[in-house]
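Right, I'll just put the structure down here and ask away after.
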Amino acid sequence: MQVNSPENFTENVSEALAQPNLKKVIRRTTDKAETKRAEAVTNFPEFENARLQGQKIKDHTIKYMDHYLAEFEKNALAQGTIVHWASTAEEASKIVLDICRQHNAKKVTRSKSMLGEEIGLAHAFDNSDIERIETDLAEHIIQLAGDPPSHIIWPAMHRSREDVVKLFREFHTDPTYSEEITDLVRSARRDLRTKFLTSDIGISGSNFLLADSGSSCTVTNEGNAELTITPPKVHIVTAGIEKLVPSMAHAVPLLRLLTRSATGAEITQYNTFHNGPKRANDADGPEECHIVLVDNGRTKMLAENMEAMLRCIRCGACMNHCVVYKHIGGHAYGSVYPGPMGSVLTPHLNSLKVANKQTHACTMNGRCEEVCPVNIPLPTLLRSLRAKSWQKKYEPLTNRFVVQSFAIMAKRPKLFQLLSSCGVIFMKVFSRKGWIKYMPFTSGWTRNRDLIEPESTTFMHQYKKMKKNKSSGA
Amino acid sequence: MTQKYSNADKTQSNTIECLNISEKKVGLFVTCLVNTMRPSIGFASITLLEQAGCNVEVPELQSCCGQPAFNSGDDEGTRQIAYQTIKQFENYDYVVLPSGSCAGMIKKNFIEVFKDQPEWLARAKHLASITHELLSFLVDVCQFEPNDVELDGSYTYHDSCTGYRSLNVYEQPRKMLSQVKNLEHKPLNNHAECCGFGGTFCVKYSDISNEIVAEKVDNVVDTKADYLLGGDMGCLMNIAGKLNREGHKEIKALHTAEVLAGLAPELLGGKDAS
Amino acid sequence: MTKHINNPKNELRRAKIFNAIKAAAPTVTTDVKSIEAEALELLKESEFARPKLLSEDATQALMLRIEAGLVIGTSCEKISTAHDLPNAVNQFFSKHFLPKELKVQNIEPLQKLNWEGISTDVDIQQDNTVGLCWAEYGIAETGSFVVHSSPEMPILLNFLPLYLIAVIPKSKILHYMDDYALIANEIAKKKETPRNMCLISGVSGTTDIEGVLVQGAHGPEVLHLIIIEDQ
């Protein structure tokens, strides 16, 4: 699997922009998501109330996180779930692998989980002798293709139907020779059916953890979570500690927001609450259930005034509406979480030093905050990360020099006015027919667009002259 | 006034304030892009404010709103610039800027950098409360209607992000432009999607910015409008620069204030307003 | 099992996370009563933060929602008593040109019915089968039916067949998801939460290939809800 690094963001962007079809395939998905979300919000006049309630529910749980974590643990244990704690991604994936090894698992099925990606589960299994089977159709496609996910809701959005045809013909035991999308989905259904039923361990993530019962909630349209979890003997849940809510009644308002914001649908087909191993005489279900509660930077976010980000319910609306994401796609970010939410999360999961370039890849247009179902002030958080990396001097020296020089001028208005006048004279030298096609020090601008020619003198110069004329005339 | 606003409370309080506008002193912050690149927007602003009955002054010791420093994360640099701006403008009754982006900087962002300085925080909050974007100020506060302006042709409108999302500037320019004789409106597809300017963004990530503005230009060209209008010099420079690079010289970019002040024919004829 | 719980490394990692939370928010109260009161207060807002139903009557709202095509791949009908069920199932077979084979959930109200002429010996692990289950609840807001795992309710019965029929007693149709969640909260208080509580709102679908919706991704392609009035 070729995975980009967040550190090479600039290079990743150039690669992404050079791909001729990337923008088209991204737009196909994000434009639809944008339109459908807008419709869903229009059809739900109470949306503003809902998102305020959603925000409050998350804030409440984050505020009392230690209380709710302890409650969750107590209730999960009471149902027979084995509770594990992991401070880091490495710890978390090691715990999961250890459980699989203890059970001599040969095959594990996984339902899509961004946390699973975050803690590097896919990679960990691929480096072991345990076969990993992704059951979400998109994850299945990118597993066959050897790609990392490019979106948190549609991880395979960068793959075309033609790609899928090739992959399925190569890898499915009973492939279809049709290129119809319905037939392709059937081919995957056939291929995965036996895999579901013969898996040793089912691994899922969780959209919500209910403190009052110790349940974890999965949300899917395919129903692959239940098929992943039910047949095998062992179920392992991996979940970030921020997934907590007090009870199911608190998860419901967030479910209303999640689906509408993600796909524009009013509800996801399968919302299932999983609670421990099968009870005595239950008709089916796993005999053993583990949950791994993962920190991996979340308490650091609490400590660094980034707790608003812990509200995130991973709907992907911010990336669907981001002009930058729409042009560079998910892989360029070099992180499991792309787009605006990813640019805020990644510095905490990785480090700000490695992932500060993404925080600048934003025009501060505010669209992400406008559509966020839990009112996360993403631009404000991104800017606060810029302020942190400024203090730590992570930016390239030339950027710092330019910004600092500008600030030094701007705090001295007389000097600023003088230099503005000089700037106008300088620009005039390079102007032809009202436009500047090239000028030293401005290649960032003139590489891609022309610069309008300024008027002959600055506003302030003209204004002073006008006032002088007026007073001498009077 | 019968038009609808998304922010009804704000409009109401402004309506009460505006009863004796002529007694109020308005400080015009021209912004650095207008100062260096397009002075005519500054003069158009003065004309319109005076037509609306305001007593306008332009403090000479003004520079930049501080956005490049703020958006780069340089809080100390932002404060140094903000001290100047606060001192220069805090004693006016109103401060008006012909830019949503720069008005938003003063209204929303100054308070971010003064969190730990109570005295300056109070002064920044006061300045924020008297600061307005030009087009919304003319309509919401002055209840201004443009008089006797004419422009032949059609326009399309780019809503700049800060004005649209943070300051509720949407209806006001459209309302005033609807009163310009012979001028027809052609709606822009994705009218409120960012043009890719983003201040320092457009030079830091020039190639991403380029892809974004190229799309914006496609949308503008599709309208077949004669003029591209907007309320922010940054966006206009960006879109106009790309339009020109792509050879669409037939579409002229103008600031809404220039049209409303009747400067358009002069600007379109010769490039210098003065 | 207990070896995991008493694992000293696990205890250390647990302590590390709790300490980090406490260090980040040192002033937070731990008075459980006030936290619970605050949590309850938040639920009062639900009334103003949920969509209007298509009818004040829950059953009608649920049916209108399905008839309007708002629940993917789902149809519905109302019958007066459970005895009409075999007939309704036969009509379902005809409508979809299916052989008369049905996996009936092993639950008394379904098993006692007269299934003459229908083969009920079906292996649901095979594709192309029809399943019949008895739902715990219906939810008007989302057009959902709810199943709880139990000795009589294999969860896979709802996921393996390509065709699924779910029976919902009219008296168990709730207005909102919140109404069901409050019931679930009460079950949790009694420590009686079943292993699985599934809210199913439509068929198994995917849009993962070029954004095109395909029904029957892994589970049912067709879902039919039958509401029984006298229940």
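We call the chains A, B and C, going by the order they appear; numbering starts again at 1 in every chain.
The working rule: a contact is a pair of C-beta atoms (placed from the backbone, for glycine too) under 8 Å apart; a residue touches a chain by one contact, two chains touch by 3 or more.
From a predicted model like this one, the values you see are computed outputs, not experimental measurements.
When every pair of chains is scored by its C-beta contact pairs, the maximum goes to A-C.
Chain centres defined as mean CA positions place A nearest to the mean of all protein CA atoms. Farthest from chain B in terms of Cα centroid separation is C. Spacing of chain A relative to chain B, judged by their CA centroids, is 33 angstrom. Here the spacing of chain A and chain C, counted between their Cα centres, is 29 Å. In this assembly, the C-alpha centroid of chain B lies 53 Å from the C-alpha centroid of chain C. Listed for chain B are no residues, as none touches two or more other chains. Taken together, the chain B residues at the contact with chain A in this complex read 30, 32, 34-40, 42-43, 58, 60-64, 66, 68-75, 77-78, 80-81, 83-84, 88, 112, 161-162, 165-166, 193-194, 196-213, 237-238, 240-242, 244-245, 271-274. Across the interface of their complex, chain C is touched by residues 28-29, 32, 43-44, 46, 49-50, 52-53, 56-57, 60, 63-67, 69-70, 75, 77-80, 82-87, 91, 135-138, 141, 154, 156-157, 160-161, 164, 181-182, 184-186, 188-190, 192-193, 196-197, 210, 212-215, 221-224, 226-227, 230-231, 241, 246-253, 255-256, 263, 266-279, 281-285, 288, 290, 293, 295, 299-300, 302-303 of chain A.
Chain C meets chain A in the complex at residues 1, 4-5, 10, 13-14, 16-18, 20-25, 28, 30, 32, 35, 38-39, 42-43, 45-46, 48-51, 70, 72, 106, 125, 127, 142-144, 149-156, 158-160, 176-178, 181-182, 184-185, 187-189, 191, 193-212, 214, 216-220. Interface of chain A with chain B (complex): residues 13-14, 17, 23, 323-324, 327-328, 360-367, 370, 380, 383, 385-391, 395, 399, 403-404, 406-414, 416-417, 420, 423-424, 434-435, 442, 444-445, 447-460, 462-464.
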